Amino acid sequence: MSEEPLVNPEVLEMVGDWRGYVEAKLGFRNHWYPIRFSSELNEGALLVVELLGEKLLLKRIDGKVYAMRDRCLHRGVPLSRKPDCYTKDTITCWYHGYTYRFQTGELANILAVPDSRLCGRRKIQTYPCEEAKGLIFVFLGDEHEVHPLSKDVPPGFLDEDLMVLGKHRVVDSNWRLGCENGFDALHIFIHKDSTLRHFREFNFPIGHTPLPGAVTCIEEEDGPKGVEDDFSKHHPIWDGEIDGQIVVKGPKFDPKKGTSASIGTSIWLPGVLKVESFPVPGITQFEWYVPLDEGRHLYVQTLGQACTTDEERSDFANKFETHWKPHGLDGFNADDIWAREVTQPFYDDDYGWVDEMLCEPDSTILEWRRLAARHGRGIQTKKDLR
Amino acid sequence: MSEEPLVNPEVLEMVGDWRGYVEAKLGFRNHWYPIRFSSELNEGALLVVELLGEKLLLKRIDGKVYAMRDRCLHRGVPLSRKPDCYTKDTITCWYHGYTYRFQTGELANILAVPDSRLCGRRKIQTYPCEEAKGLIFVFLGDEHEVHPLSKDVPPGFLDEDLMVLGKHRVVDSNWRLGCENGFDALHIFIHKDSTLRHFREFNFPIGHTPLPGAVTCIEEEDGPKGVEDDFSKHHPIWDGEIDGQIVVKGPKFDPKKGTSASIGTSIWLPGVLKVESFPVPGITQFEWYVPLDEGRHLYVQTLGQACTTDEERSDFANKFETHWKPHGLDGFNADDIWAREVTQPFYDDDYGWVDEMLCEPDSTILEWRRLAARHGRGIQTKKDLR
Amino acid sequence: MSEEPLVNPEVLEMVGDWRGYVEAKLGFRNHWYPIRFSSELNEGALLVVELLGEKLLLKRIDGKVYAMRDRCLHRGVPLSRKPDCYTKDTITCWYHGYTYRFQTGELANILAVPDSRLCGRRKIQTYPCEEAKGLIFVFLGDEHEVHPLSKDVPPGFLDEDLMVLGKHRVVDSNWRLGCENGFDALHIFIHKDSTLRHFREFNFPIGHTPLPGAVTCIEEEDGPKGVEDDFSKHHPIWDGEIDGQIVVKGPKFDPKKGTSASIGTSIWLPGVLKVESFPVPGITQFEWYVPLDEGRHLYVQTLGQACTTDEERSDFANKFETHWKPHGLDGFNADDIWAREVTQPFYDDDYGWVDEMLCEPDSTILEWRRLAARHGRGIQTKKDLR
């Protein structure tokens, strides 16, 4: 038995104006999160997923996706351990016959106690679902707090002609280390040997520092909340020196041939990165760091390209399979996954948030932490998991 | 290092008149528990067993069984890790020669320090043992609290002509989930596909609810304390309906051929169930949920049949091996074992006791919890394990 | 997240005048510890080691050994996970290019942020290193507390003509159980069947108790601090009796042939045992119990013999490989390693220190605990690990 708090209270006292971000170890409640691709859930099929520490059942009924806590109200067992779906709309607990309606969560019946006063009066928790760009989004939060999906995705993601393809995998780090790894302009240092280079002539400094004006907070009432970092307003470093000796060089191409790896990145609530012109101009990488529990996140990696004809769509799908998935999402981003997982132990006991020693370019990360603390719509707590 | 309490104090405050039951996570102290079959411990042999969180050494000396804590007083090592039994009555610690007498626990000698003032003045903890119906029972408690075994077994179990056969296995759930799974009249729902049906024409409703008068608390001063549930005073449900449609039916036979699965169950302190007329009329199932530690119990499953002749005994033994063990104790009860293990995580942090949502027929379970809290002779605590 | 103290405060209140010893679960800070043999670290090579709960990087540069915390100041990642050593004297963090100088720990550069104000102003923790008798010693403590190595090794260990050979292995017990197992005169009981006997006619009582005058505390200002136990002032027991019957006998030889297994032992801060005339007269065993973390120690086993000629050295090296390593350090001491690991669980939650039941000869152990509490130069705490 344990009463220990989710986050070390001593640390919370020390972090000042981004306290809410440190509190959100399990993620921000009352936001939309992509949890699977639409193609992974066929009509009538059932999926068990995790989200912000909760176990959820997803079912597609008459085309629409529903999400319900995967835990019987009666004795707390997972319904999914032996899913008895006697009708299209319901699931019956294998243990004592408690029967729930997917659309509402309502306890419709207890098979052996049809006249129980509980029937029709109790509900299992359900969450709104929406599908967009081939992803299933779940609003993990309270019904009266539902906001439109457009406020929880980066600008441009819902553009009508944008075709989105992607993959997902589980990463053994807290979701925030995902956000910070992605948005961090200095971490380019770990990608120096990426095979992605074979497909494009990158200008690839060993790091770059934002100059005044590079970073902008976007906080419009009705839109998504995020921080943008404009790489054209950065000071790049091409040569790494130690004791006056150049020890590492970033590749720099003829400006007519080479381009920057990206022209800028931005990070948005509830934890999604947008990388413009990446892996090549014309494509944008959108990637989510979806909290699964305290120590793991679902890394949802997508690429979006504007396509108006079937030929363009087919060409993008083809290039995705042969180039961008193997060399970008798998190869290039494998460096990032590894870095997040190796960083995790330092933050395990929360002291990392105060013991870290940030340097000047990390000011972009601090902007993000503060913005997230200001605009996160709620902190997921241990109590929410009960 | 940890000072955390065994049971969440916040939960204890909330459970009202069965608080003692929630406190008894490690079981009730000062009761008799069956721990092995007599046939498993030959003359002179040594066994290591667990009981209520303690590790015990069992030895049979001149026919009688003795139980002693398996931990040297000196530096706390398990005597059993290298058992040096130089004489029939003693065990010598392999590390420094501390020598204990099984019958009393007395520190008889320290081999290399024969004149130590500790000799004859210190004792390792021992517990009374008794054998009955082929089982070894240990009284896990304090000597001045010993009660007769007959107060800790269900009525009828010690009947002279009752022949008892059985088996045991470790289940990964707290002992109370064993008790409640067994005594719960609704859980019959999980047995709908049991192969045991091949051997008997059961009337097997999908559930049944006790009517007034079905449940009786037995609390006589000198007898065992338990709760009886008379199935003849139950309202059975044969058809499970969802939205007006019958989705599952319980088998119901011609009353001349079929019989109820059981005519009633009862649950007794310190955690033993009696199922009458089961698996067939003429046989009674007695099963114990013996606490091993917080998360595991020993499931001691026995069947008793009145036998007065050798032929009857031989016939019962034969049927036990060919019918009741494979299809009852192994097959039918495997459903129960699985259900308890899947339920355990919800109760791991104790909040399950207050977050569960019981329905009307579960009033029998509440009777049991209250009775156990009233009559349990002591709570096993972490301090008892030191 | 956890705030739990390293040692149970309730236990600390109960142990009286050796409280500091119980507090030193992670070892005493500000002492010299042998961590590897010199032959294990070649010029330019890098090793990762643990010491008192900290992870350290060792590197040999121009013949000299340096030790540095293996954790980047920036985001806390282990530098060793992908060691980028662009120059002989430095290591660069693989994640963002923070570059440290081994000799001082100084943050020499951040490759992509060469003008960061942190450069030259921040240091990673380093520790002094010395080599002696073929061992690499690290002073795990604060620079202003450094004492000479000679105060942290047993008398005689640094003698000019002493040749030292040895091995090391990780043992799954706290370091103090190593010290107490080695210094404990009674534990000889576990060695009764050692194959080491084939190489020497030991007089091997089953135990021996110090008489008045056997035990001496050595606490001179400028020397090592330790407790000596003179076996010539012990009362040996040759026959182990139970109920008047001799059940075990210690081998006792003709005094002209046989010798005592050892003429005495002593234990020294920060946790090193000296066993004189062992495994044979003319050789001394020195063994360290180096704290790795709360539950493991590095068992550094060495034998020293005075050698003045190459022939003597070659002969000792030969005998070490054929006799003393296989039958002493491996065979005989395997009993000790096993005993420490089996004892560990009793002390896991610290209650062992107050629940143990010591006997008269254990007074030598109490002397050691008190001396260690008096002279340990600092307690390693969880805060030191941050």
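First chain written, first letter: the chains are A, B and C, and each begins at residue 1.
Throughout what follows, contacts are C-beta pairs under 8 Å (C-beta built on N, C-alpha and C of every residue); 3 or more make two chains touch, one makes a residue touch a chain.
Computed from a predicted structure; not experimentally measured.
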Third chains touching both chain B and chain A: C
Rotation in the CA alignment of chain B with chain C, degrees, nearest 5: 120
Interface residue identity across copies chain A, chain C - same or different by half: different
For chain A paired with chain C, centre-to-centre distance based on mean C-alpha positions, whole Å: 48
Interfacial residue positions of chain C with respect to chain A in the complex: 1-3, 71, 73-78, 81, 86-87, 89-90, 92, 94-97, 99, 108-114, 116-118, 122, 386
Chain B - residues contacting chain A, complex: 4-8, 10, 184, 186-190, 205-209, 237, 240-243, 245, 247-248, 339, 342-343, 345-347, 349-352, 355-361
